[in-house]
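Next come two complexes built around chain A: one with chain B, the other with chain C.
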Partner chain A sequence: MHHLVIDRWSRGSSPLHQRDPRAKLAALLVFLIVLSTTRPAAQAAFAGYAVLLFLAANLAGLPIGGLIGRAALVLPFSATFALLTWWSGDSLRALSLAEKSFLSGMAALLLVGTTPLTGWTAALESWRVPRMLILVIQFVYRYLFVIAEQAQRMRWAALCRGSHKGSKTGSFRLAAGLVGVLFARSWQRADGIYHAMLARGFRGRFVPAAPVPFRSSDAVFFFTCLAGCLAVRILL
Partner chain B sequence: MHIPDGFLSTPVWATLDVVSAPAVAWVARRAQRDTQDHRIPLLGVMGAFVFAAQMVNFPVGPGTSGHLVGGALLAIVLGPAAASLVLTAILVLQALIFQDGGVLALGANVFNMALVGVAAGYLPYRLLADRSRSGAIFAAGSLSVMTSACLALGQLLISGVPMMGGVLWASLGLFLVSALMEGAITVAAVRAIERLNPAWVAGPRPASSRTLAGVALAALLLVVVGTLIASALPDGIQRLTGQGVDSLGWPQRTMGGLAGIAMIFALCYLGGKLKSRRRSA
Partner chain C sequence: MSRAIQIQGLRYRYPDGTQALDGIDFHLDAGESVALFGANGSGKTTFVLHLNGLLRGEGAIEICGLPLADATLEQIRSKVGVVFQDSDEQLFMPTVLEDVAFGPLNLGLSPDDALTRARTVLKRVGMAHALERAPYHLSAGEKKRVAIAGVLAMDPEILVLDEPTTFLDPPTRRDLLTLLRSLPQSKVVVTHDANLARALTTRAVFFDQGKIAGEGEVIEVIQRFHWEYS
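Entry: the complex of A and B
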């Protein structure tokens, strides 16, 4: 199992990577709000948003194909509802549902593709998001792949022992046992992590990193994004 | 069911963001108060565990399989506040990194799954655990999934995503099936965990106020069912009054609303008085 490609993307050094995470997060919110209030009839505006995102991705040096592929993960869900809307006779709205969810996914990817996790969680923290939530987000992300890999290995091991051949109730109980063992290992791992933290001098709270100054170039970036989004929204 | 961006109308996502933000802050404070130091990594690792446990397939019925959703399991193992916090963290990561649920719709998804979903899982567990433990865990899993799914459906309907009657019933049936599956899987998983170490699954805290939990659960279910009915039949009130509410001017509508709130307040006040008098008598 390979780790997320996003992690690799976010370690770049393009102008977009160097902007302050707060500016990028604010720009993302502006883009999403403007997008969400666009009327379905304004199809030209959707093309405009796509061009904006394309320009930003180009500036950041992210592979367009990869971005589109990952953003397309939202399409199964939105396509289902778009089809329902289509059947009820509102084809324009159906199209805009799919477009809005796809473009929103692209925009979120641009943020996490140019900002490491510590960057955007620091931005959230400076916006007074509860510290406890930030800590949990960081821990979940840190151990996500470790434990997912463990689950994958346990599944393969169960398959090797012929878990797919037994009766329905047998394999149901086996799956429950897998979850139970996975839980036990996660619990023990958490204990180990805590002791490792203590060994490295953890005293019950985390020392926040020194705040990074919000430079004027970050402000310029934010207002450029704001102007771009509003221009597309109003003019097209 | 994670709602992506672009599906909810602006008033709906904005309201739910405004509601969820202080609720998450409250939950975080509570979780921090209840949590000793050594549990901070535990909460994170449990979040990762839920992600991973969703990869384990449970065979149900011919040719289909389901997986654990995990809200009720977390509520049973960690307690409601910590479970809400962990699920919120998962939803934030899913929205930003895994394109599962929208960023503006995060408030809605947190409300449906992390706040109301966990409450709908924890309350039945707390109410029923000393009567029938398996039954309580089953109810916790089923209700938590059913409640979140119905809320999401109601929000989509209010936002004007059109759904014909047949589709609505089909999706409700689908939700029911997955809710029952979640109930069965949660029971099996909690039993398996208990077999390894009973101390990991702390029993619900001694029921300090059983009636309160009951009332809270009833209110929760009322809200969910009410949302669904109100959004599926938006013209119900018009039909009741026999005329369009919109034809009234805004002063009348405002006065009507205020009068309704005053009446409900008076009713609650009287009920409280009666109850306290009976208790002191």
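Entry: the complex of A and C
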């Protein structure tokens, strides 16, 4: 399951993992702003951004293949808009749309792959992002695991009863049924988890177990990222 | 002897109209352990979810002398530790240590104190070797121990255990029983396991269709309601 892997990645001890989540979040924001304002014609700049991300992934000790595979999950969504743009005759803009969404996905993955959930949500909180939005992020993240586990169990149960032997129409009907049941079961399970959290004093906020102080090295990290992004944006 | 739990006239109806609890009167003395028996759907789990305000029905509930109300909810949740039937629902943090520290952090302990307490409790339940492991990779018995540690870390006065031996093999059940017997807290144990009830509790209450059908010594209740399958 993807987010289980990311959870494991986020518990590393590389120099990037040790940076303050606020510094990493600020660097991500800078990267996204610079990336989104890059002209479609500046294809060398996109290559430059990719190099920056690969360097960071290497520094963090994250597997490049795993990162690319997971970042590619955003492509089906952006591809729809890219195709529409392509058909309207602007192929360069279409390409840049796909590149921007992929690189944005990579950058966001780098943040969550080097920062535990409690760390980056605490950083959002320190930036006065509305508590409700942070809670939604935290619960979606937690419940993804629940839903994925339920889906896997139901798939196994279906396979055990010979679901792989049916026709395509039958498979589609089965999948539709599974999604419905999955929703109901996940809701029940999520409700149980929420009860368990309340029973242990949850008051609408995940308290980070090991808050990291903001150090001068975090500031140096942020300004290095800022300089790198601007250099690529301006020079390439 | 002071009362750990005092309940009068508790009623609860689920939103779909099912009357799950229908006039429950119940008490638990400090230091006492009681078993809750009853068929599936008889209201036992619904009942225990009221003990720390997870469900709110009609009637009067007092925990360690505190009436259950919005203003006392936080205090009561620190006094009543609930160990749920399905440990997977209770273990939601990425590592065992963080999961056990979750409760103490919510109680307002500093991160250092919370982690120290978590380590101490994990050692007590025999899980000190698994601090950095992901909870979902543990065995059923280990998950149950970590779930109990997560509750003990909040230093509760009352332990509520919902089917604690479900999914466990006999040796693991035996180990768990030894652990539970060593804990000094008052206990409410929801169980179908007559052996566990005999070994862990002195009194039993039998639920039937949302009402208490009888109570008394464990053996007496088991015999009266034929609560053994052999």
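The rule is short, and it goes like this: the second predicted complex is superposed on the first by the 151 of 236 C-alpha atoms of A that agree within 3 Å, B and C clash if a C-alpha of one lies under 4 Å from a C-alpha of the other, contacts with A are read in each partner's own complex, and residues count from 1 in each chain.
By our rule, a residue touches a chain if its C-beta (ideal position, glycine included) is under 8 Å from a C-beta of that chain, and two chains touch if they have at least 3 such contacts.
None of these values were measured; they are calculated from a predicted model.
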| item | value |
| --- | --- |
| First, second, both or neither for A:R189, with chain B first and chain C second | both |
| First (chain B), second (chain C), both or neither touched by A:P116 | second |
| Which of chain B and chain C A:V140 touches, first, second, both or neither | first |
| When both partners are placed on the shared chain, which of chain B and chain C touches more of chain A | B |
| First, second, both or neither for A:L178, with chain B first and chain C second | first |
| Partner chain in contact with A:G201 - chain B first, chain C second, else both or neither | second |
| Chain B versus chain C as contact partner of A:R11, first or second or both or neither | second |
| Partner chain(s) touched by A:A108 [first = chain B, second = chain C, both, neither] | first |
| Contact residues of chain A, present in both the chain B and the chain C interface | 4, 142, 189, 193, 197, 202 |
| Complex interface listing, chain B residues touching chain A | 2, 4-7, 10, 13, 24-25, 28-29, 31-32, 35, 37-38, 40-49, 51-53, 55-60, 68, 77, 85-86, 88-90, 92-93, 95-100, 102-104, 156, 161-164, 167, 185, 188-189, 191-193, 195-197, 200 |
| Residues of chain A touching chain C in the complex | 4, 7-8, 10-11, 116-118, 142, 145, 149, 189, 192-193, 195-203, 207-211 |
| Residues of chain C defined as touching chain A within the complex | 49, 52, 54, 74, 77-78, 80-82, 84, 86, 89-90, 92, 94-95, 97-98, 101-103, 105-107, 111, 114-115, 132, 134, 136, 150-151, 154 |
| Residues on chain A engaged by chain B in the complex (per definition of touch) | 4, 6, 28-29, 32-33, 35-37, 70-71, 73-74, 77-78, 81, 84-85, 87-88, 90, 96-97, 99-101, 103-105, 108-109, 111-112, 120, 130-133, 135-144, 146-148, 150-152, 155, 168, 171-173, 175-184, 186-187, 189-191, 193-194, 197, 202, 204 |
